[in-house]
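This report concerns only the one structure given below.
Labels run A, B, C and D following the written order; every chain starts at residue 1.
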Amino acid sequence: MTISIASRFSFCLPQTTDILLQFEAAAIPEQRILSSDTNLTEAEHCAWVPAQDDIGERIWIRAQGDFSVSYRAEVELERQLADISTLRRLEPHDMPGEAVQYLFDSRYCAADRFQTFVDEEFAGTDGGERIAAISDWMKRKLTYSPGASGPQTTALDTFIERRGICRDYAHVMIALARASTIPARYVACYAPGVDPPDFHAVAEVFLDDPNTDGGGTWQLVDPTGMADPSETVKIGVGRDAADVSFLTSFGIADFGDKSVVVKAF
Amino acid sequence: MTISIASRFSFCLPQTTDILLQFEAAAIPEQRILSSDTNLTEAEHCAWVPAQDDIGERIWIRAQGDFSVSYRAEVELERQLADISTLRRLEPHDMPGEAVQYLFDSRYCAADRFQTFVDEEFAGTDGGERIAAISDWMKRKLTYSPGASGPQTTALDTFIERRGICRDYAHVMIALARASTIPARYVACYAPGVDPPDFHAVAEVFLDDPNTDGGGTWQLVDPTGMADPSETVKIGVGRDAADVSFLTSFGIADFGDKSVVVKAF
Amino acid sequence: MTISIASRFSFCLPQTTDILLQFEAAAIPEQRILSSDTNLTEAEHCAWVPAQDDIGERIWIRAQGDFSVSYRAEVELERQLADISTLRRLEPHDMPGEAVQYLFDSRYCAADRFQTFVDEEFAGTDGGERIAAISDWMKRKLTYSPGASGPQTTALDTFIERRGICRDYAHVMIALARASTIPARYVACYAPGVDPPDFHAVAEVFLDDPNTDGGGTWQLVDPTGMADPSETVKIGVGRDAADVSFLTSFGIADFGDKSVVVKAF
Amino acid sequence: MTISIASRFSFCLPQTTDILLQFEAAAIPEQRILSSDTNLTEAEHCAWVPAQDDIGERIWIRAQGDFSVSYRAEVELERQLADISTLRRLEPHDMPGEAVQYLFDSRYCAADRFQTFVDEEFAGTDGGERIAAISDWMKRKLTYSPGASGPQTTALDTFIERRGICRDYAHVMIALARASTIPARYVACYAPGVDPPDFHAVAEVFLDDPNTDGGGTWQLVDPTGMADPSETVKIGVGRDAADVSFLTSFGIADFGDKSVVVKAF
């Protein structure tokens, strides 16, 4: 499966400001970057640094005035997919150290508060079956609703208001998975099925690897149902949206326009 | 400087439950473990895994019934200390990839919301001088007040209510440092000056290393003023208290008693 | 139905402090006070003022040191009861001005945020039938759990954590009723079935009066199922628990002991 | 002082919906309505009901489709003004029953959490002097900043983020006044100095009446500094913005345009 990506966005910095960008497809074994082209307005400083869990890179910019980003890439996906509902939960003491942080509460995902809810609503399910049950529940109870949420919206807010966008869906899935003692992280990505076309976000859960003896594996799950894991190009991962944004500004940034086009061949 | 530590605590698990413990002094270059002795009730499962940033270890336990932990250690500290107020802030594009996550919002430290406050209250200061100014401000405005906060208390709550314990002080320092574009993390530790004696928590900020050309260094700062960095034994680090607790239970755990004795020689 | 009440509580005021007490059965048409006896420690000031909606009275005290309250009463109840599930919702434009405030958000009941939830979870029900459906849902989803909540706990917290006490149950009922455009208020009360015996709290909803033409009526509803409306003695009402507490202190008050005994004859 | 008001706004209701409007100058002793003209789109139902504390009226509308409101009035103000900083605080036990509710926490003003802050920041001041000190503090610390807050923003949020609009300023003033045991309420109003011209909101605090023996008086205070109490026309009052909005919709309402012109003669 080959995916072509064309994204662009612009913003204006009234004064010299540090900006963190993360929009490029990550070069990882499951994603071969066939070609890529990144165009940035010239800046005072510009540095690529490894991103979280060594998945993808972040770009530090220090600039002032109008700034535009344009990116094109072709990516070949060779992702091992599994039927999540058949995967077992890893016992906590079998989890590798790196996975443990994804059990903890984060900015937008206060998982501990959902412990009673998941125990009762999804009683009798565990591991991948639990994730499938959460996914089903979310499809029935939540409405995809652009404009109903904002940058401060947490998994708790979305759980109450029952509306949100991809970011909010990912946060609820992550919170409910962690409350079920399943490590879960946030994945910023490109995917062709997203409507309206935009940067996308899904969740990734850590379950027992069906192909190896011991050890776990990260599995993509999109509770919005819009992105097929076989067509999803990862940009980066984090605890939640606080960690992976295409634009994080450490000062005032007036956002301009944005365009994202993703196609599968 | 040699520090002796004796800590013990107990709890009861009504049913078989996964527990994560983190209470041992971390074996890292600045801390030489001269001797140590960990005693745990026998459990169904017990596994040591590396903790965050490879500082110390966490212990996964799966057990039922009464459980007790007892720990003794002697630790020699050879920490390089600096006068924080003289250290420069690292430009974001000069920060190593690993430090960047400590600029982001976490469960208890929603730093972005304090951006206007730090800009105005601490205008004219930067880097280590900013950290010293925050520390001063906290000493004047906050009251150390056991019982006034709880496990859900965030940096925002403490900022409003002006009272808290070591954990809350660390969260406020971390939030205000990150809002100042200075990476900051949470440090669980042992320190002799803590009153009443207990597990302790301080902050660590990432500033320019005065001894090397380029590259940064983590510096301990205790806004409660109780722990001297030269006498502080690190257990582990994390984004905030959600990441480093001496006891994290993935089910019901009824806490028993606790005792911590720390001495400097 | 005659109800006998004996309650007592004590507290200590380290310095001269204003205290607001509300613990006496309200003298209202549906409750005839057969006898009552209030004993208070002597205070610098002591004044009875009418309480909210002219239901019951509050007592302002200004005192220092140990303070104790003891109250005994016999109350005859002649409450008109209705089968709530058969009552119609009043159209908003038919509601009297006094009822409208009980549609609005209050400290612990941010009702507007539940609008999508009630529309979907309780679709097809309205008025009293909606209240009955909410009550059923709460019985299935929430667990009565002393110690799981505190004075800052809101209806949103309880909705997420699925546990709480009478106060939390009342808040959830009030929030979901208001989100259904049904005025709802908080009722502090005495009731014999409460276990463990204590001050109690229930909700009251404003629905069409079955006996009159036009005009509405307040109906008691206890989502915990512990208090029978025919045996419930109202102390006072308010938007939520912020308005009716048996003890509100405008300074430090160290609470002592408390005892409540309520019997029906 | 005569004030002329011309306001208009419109919205669209996709389906038949209940709407509560409150935009007319209140007919109260201190405000004589010389002339007024209200024009509303014809609706299925339309009913005027008394508003909170009998100050002004609310209009219940039940309608569908495009709806527009246009209002013109001339109001003569004869408000007794006092130098707030000279007014004494009323002892709680001297407060009338109706004022007590304005000491309690409300949706956007969780006053109890600011008790330590006001005690330390404004130590040595009381009553009207305390209100003046809060006003000064707010002028120094907060920035009037349209767009930085929204309908969910509370006094706590604004206290942290240090930015907001008239509504947020009023909420902070109300919270800090109540934390100082001074009853405070929210006032929706028209005032000529508001820039950009819009509906306005200020606070009102209950202090000792300088002209009578015993008894208190409500005094307008605008922490934004834009509205002169002698030129402020009250629309209505409430605990906070949850109680007095020019448009409260119990269903979906798509807001159209709005225009407010206020002049003093």
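Here is the rule we go by: a contact is a pair of C-beta atoms (placed from the backbone, for glycine too) under 8 Å apart; a residue touches a chain by one contact, two chains touch by 3 or more.
Chain-to-protein mapping (UniProt): A, B, C, D = Transglutaminase family protein.
Everything quoted here is computed from the prediction, not taken from an experiment.
If you lay the C-alpha trace of subunit A over that of subunit B, the rotation comes to 180 degrees, to the nearest 5. Centroids built from CA atoms put subunit B at 28 Å from subunit A.
Centres computed as Cα averages put subunit A at a distance of 43 Å from subunit D.
Residues of subunit A found to touch two or more other chains are absent. Here, these are the chain pairs in contact: A-B, A-C, B-D, C-D.
Interface residues of subunit D, counted against subunit B in their complex, comprise 113-114, 116-117, 120, 141, 143, 156-157, 159-163.
On subunit D, the positions that touch subunit C within their shared complex are 18, 20, 45-47, 49-52, 58, 60-62, 91-97, 100-101, 103-107, 110, 181, 238-239, 242-243, 248, 250.
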